[in-house]
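Next up, some structures in structure tokens.
The following pair of complexes shares a single chain, subunit A, combined with subunit B in the former and subunit C in the latter.
The block that comes next holds the complex of A and B.
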């Protein structure tokens, strides 16, 4: 008999006690210290609660109350990998890097699993993700076992890399906390398309943390297609730092999972850095998805664009919180934030909270939010042209999402996204039929 | 054979009775015109026939090619061959005009058991139809009716009609807002469809359109009722003396 699985923060702390000596890199003093510090921070903070401002609309109790095991991944029987978009791909199963399933030959930059690369990561791992005040980053730091390490050397055009995360169906819910480190050196470029999925019945917590460094003049397109299993939790946190003239382009699709948080912290650290954060949340019955962004304008002449669209069907709940901080040095900041929701059901609910904090005086910053339903007149117009109602609805939903999808500056990423949107819609239509 | 037969049709919008008992019969191959003052219920009639939600039929019937029109969904009415050119065409931001037209055409083709047109086949057909209507090709790339001028929207309605090839078209003030040349082009577009298998109901305020599209019958709709019907000369009479005389006589 196994010991009872403990739930809540205690469960994870207990797991850390049991595993600390066996976790990857346990013999590296800097890493051991990092993990101890994270464990201490997590012990003090526990899981966030709704009393905290940043978690006002998202209740993590379903995660805190569930008990999770270590993932015990069976061999690859029945493992369904989603289709790739590029030639290079890194595959993770239950949060562990699987070289034998990955295709990484012949690409012009360094990619490896994190566990194997740990000795060389002192000072880099944890440079952007700090456990203080960030319970999920603390949890990740305490328990991560693997992840992806990508370094694109200066001036190299890295092309497209698929980052695939598949969960397997385990007897008891499993939790995994991959840590991904992505660095683009000066003038480099890369597109990452990340797909996270799991089989229909799987229950798990996927708690990834990204640390992303975009150096001078580099460009990273990061498309995240969150299509987790219907009963899964995904709590993802992205920390990105963009240097002068660099661009970080994040698009996040939240289409799967039962309880999902997409939290992004981007800091523009040098003049003329740019950041696009776009996203779509497509939610059906029983789903809760939360996108929370923190954008820190810490240098002059930077531009940021955020467009988030949430479509809610059935009894679902969506959240958007977006904070833009413009520091005093960040003169001539150009910031734009828009979030819009489309309610397809009277039972659906959306909360949105934009927040501007501006200390510079020469700044152009705008934000807006709208909530609406499908337009009856538009729907009627389409139907009078012979277009069946379901198709007419999907056309209008796609039209609603267009602005966000078109913001993605990579054709491959855009078409991957479009396919994901269509797939979601077909599933909704099936469920409604 | 009768294309459209309306008997004793009454309808209300938001609880307000608008159609007060319409009787109208359009034989196959005929083109009828409806004229009438603002607010008399012309658009309401066209919406009721096209199946718009919120336009509640409280009595009477409408039969289209022998089928009970009022029992059908809007898309089924379209599949049966009914087309409505809107008085105020609807803007669809984010829906490309080409995608819209092709989706509509293929939906109708499917309902007739025909195969879809692929993008190339569709473009060829659309370009041909657009040339006839003197429409610039870049209107295919834009959002449906988004940023179109009033006249461009009307032409886009006629383009849809030309592509979808209905058995019967209801044109609700398609001539309003058109310049003289455009009026000609649109009229030519309608006349090109005329024949023994095509019927139309043309709603207009202006005799001028009926010079180009000569109707078989003209009806006057006032207060939700057809108060007078006659030949093409009735339109000229109205142009000369206004609705007051008709109303007084009714």
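The block that comes next holds the complex of A and C.
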């Protein structure tokens, strides 16, 4: 069997045709219809191009041209899992849930792999992620095989859950499209720390889609540490819906990968819902990372806060696009967004497009953006105190990132992030030395 | 006066009286046949007695335009425009030979608009016959463009003494062909965008300004645009060249009659600033905005761009946009020269059903180039107001600097305010700062003014003027006064 691997949208559509009867849940009519619709949407849209406003700064041609295969996942022995942050842990290898590697005993809520749970997910799967106009969600819906299903019952404090994604395929380029469904019922709480990694040299596509429901008064902290292999692609899309009095707290660290898109759509559907979206993009030579947020204020009295920081070293390119929509019903909205970029290299590029679209008058909305290099005066100050140049630079970069990291409302998640940031900087310093 | 009558009067003054410039002048006009094709382009060129190269230039633009599509990315909506259902050339029949021969009907029109076309009055030190008769310290040279042609230009001789050329562009084509040929289309090429291509094919008049080396223009130059005829579009073209070390301040104003139809205004303005030159370009845009239901009004789709070609050159755009049913306008600066400076100060108001999508582009190419953007958007009624801007820093623009501030004010819960800035930086030593806010008029500010005995409308007017102060202070004095009044008038009827 050495059929040519087809690339582009055709490659994925071809794969869907070949796999459709064997995909999990193929016998569920509702799911078959959902996949069919997604395939049609993907066929019509194809991969987005830079002519589309939402993709103005990110060119997906490297993904479209690559051509991907089914992950085979040969080795389990000696599989290096990243360190956990809590006791509960759900492990995915090449996008597939691995119960035997996971630790999920004794937690007070329901966690399972998606493939096994599919019969009970009619109406829930696809409730928030719609293939129309969202080619990556269409691709995911068409081809997902597994994912995580989490339901935290009303009033339960779920503690911390690690979501680990490891890629193993080093020989052939593999693609996997996990679909994660997370639901917090009224008054529940949970912290998820997601870590995505892969072996050096691996060239794979990780295309996860999250559908997140936060019910009345519930609180979800969702920290995503994207540390994929240097040649990997991650195209992640998060859809979150937050009901009255609920809070969704997303932090995304983009440190790995060659071409990365982190797209978050949050809708505040009930009064006094809150959303914090923070993130850091730490980029080195050859990396392109894009954070695109869309925040939909669809109810009155909601507050949203966003802080995104990008540090660019080497020949890297960072993108931030953030749109805040305030609908007419969303009176007394309080929205704030800040994105800042720090350039460490003359070859780096940053593109930023914050955006406000406001149809309610009793609102307080603002955004800010800054771009610059390390402040020479600050550097000088530290040097005069006897701090070596490299150390001084690292202090200033860390200080630059602090604001984004401090926005995370969970001490455990915060320290995990801090560690990841420090790790990235050390690697950069090594590379420079 | 009984309360009912008073209410009726107020409503009338708001819906009709508010646009004081809505009258129409009956004057004998010369039209080209309706529609747009190569023959019309040839007709216009012939009418203007243009040289062959300019006709070729127009035809090339027309060929490009035919292949182009109308831009649809702006946050505005309007029914499709039938480009064949308009006159592309309309001019008063008897062209004046000199100022003294200007049709008295035209003079009366401009008098009514408060635009002085009589030099004598200025020279004699008498203030013009306009309301209030406010004295002015400085004369202003005026080029008056009526539909498709320039009808009068004042102070030409005085300016000529300093070597300044200020004349209709059709005259410049005859008298200064080399200058026109050298610069026309050098900032906004024919195929730049759909409307620029259309303008390049059918432009009829507009102003031409050349300020020689080292000359500081002794007076404000201004062009006053008036659309009068029915079913016409106005396609003026303005070209300003400030040679090394020169300085000029240029003002632009415009009005149109009230009509139920939409009329198209697709202008192109090109500015060129050479070494150490400064151009200050101020606009008070007061085209007819349509009525409260959104019937009629001007579609203002214009391309304005400046090139700061020389080192230390500076271009400053100031605009007060109160009129037009739809505004699509992005006065921009290409900062080529090292240490060149671009500025953009804007107030845009949308009331009733007006839509505005406006902003600027600052393209930093030279070293140590700086740009400042201050934009104030005010939405009332069912108006939609969008700031759309680009700041791009090229790798070579070391130590470039940009500061942008966009503030939006919402009056009423049926309007919208949007901000869409693009920031693209490829230079490590550049520094870019952008901030945007959206809010409504604070209750405590209103309460404070009301408790001092101000009416609701006066209070809003005062607060809005305060909100726009940073921009208004950039306007030449006479214009600032006019602009302040205009802001208040534009917002009439927007507050309960």
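Throughout what follows, the second predicted complex is superposed on the first by the 431 of 433 C-alpha atoms of A that agree within 3 Å, B and C clash if a C-alpha of one lies under 4 Å from a C-alpha of the other, contacts with A are read in each partner's own complex, and residues count from 1 in each chain.
Convention: a contact is a pair of C-beta atoms (placed from the backbone, for glycine too) under 8 Å apart; a residue touches a chain by one contact, two chains touch by 3 or more.
Remember, it's a predicted structure, so these values are computed and weren't measured experimentally.
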Classify the contacts of A:355 with the two partner chains as first (subunit B alone), second (subunit C alone), both, or neither. second
If you stack the two complexes on chain A, which partner ends up touching A:101: first (subunit B), second (subunit C), both, or neither? neither
Touching A:28 in the superposition: subunit B (first), subunit C (second), both, neither? neither
Using the touch definition from the top, say if A:378 reaches subunit B (first), subunit C (second), both or neither. first
Partner contacting more residues of subunit A (subunit B vs subunit C): C
State whether A:81 touches subunit B only (first), subunit C only (second), both chains, or neither. neither
Is A:186 touching anything from subunit B or subunit C once the two structures are fitted on A? First, second, both or neither. neither
In the overlaid three-chain picture, which partner chain does A:398 touch, first (subunit B) or second (subunit C), both, or neither? first
In the complex formed with subunit B, which residues of subunit A make contact? 376-378, 380-389, 391-392, 395-396, 398-403
Given the complex with subunit C, which residues does subunit A contribute to the contact? 53, 328, 331, 341, 343-346, 348-373
For the subunit B and subunit A complex, residues of the former touching the latter: 50-54, 73-75, 77-79, 83-84, 86, 89-90, 92-95, 99-100, 103-104, 107-108, 111, 143, 160, 164
Of all residues in subunit C, which touch subunit A in the complex? 73, 395, 408, 410-440
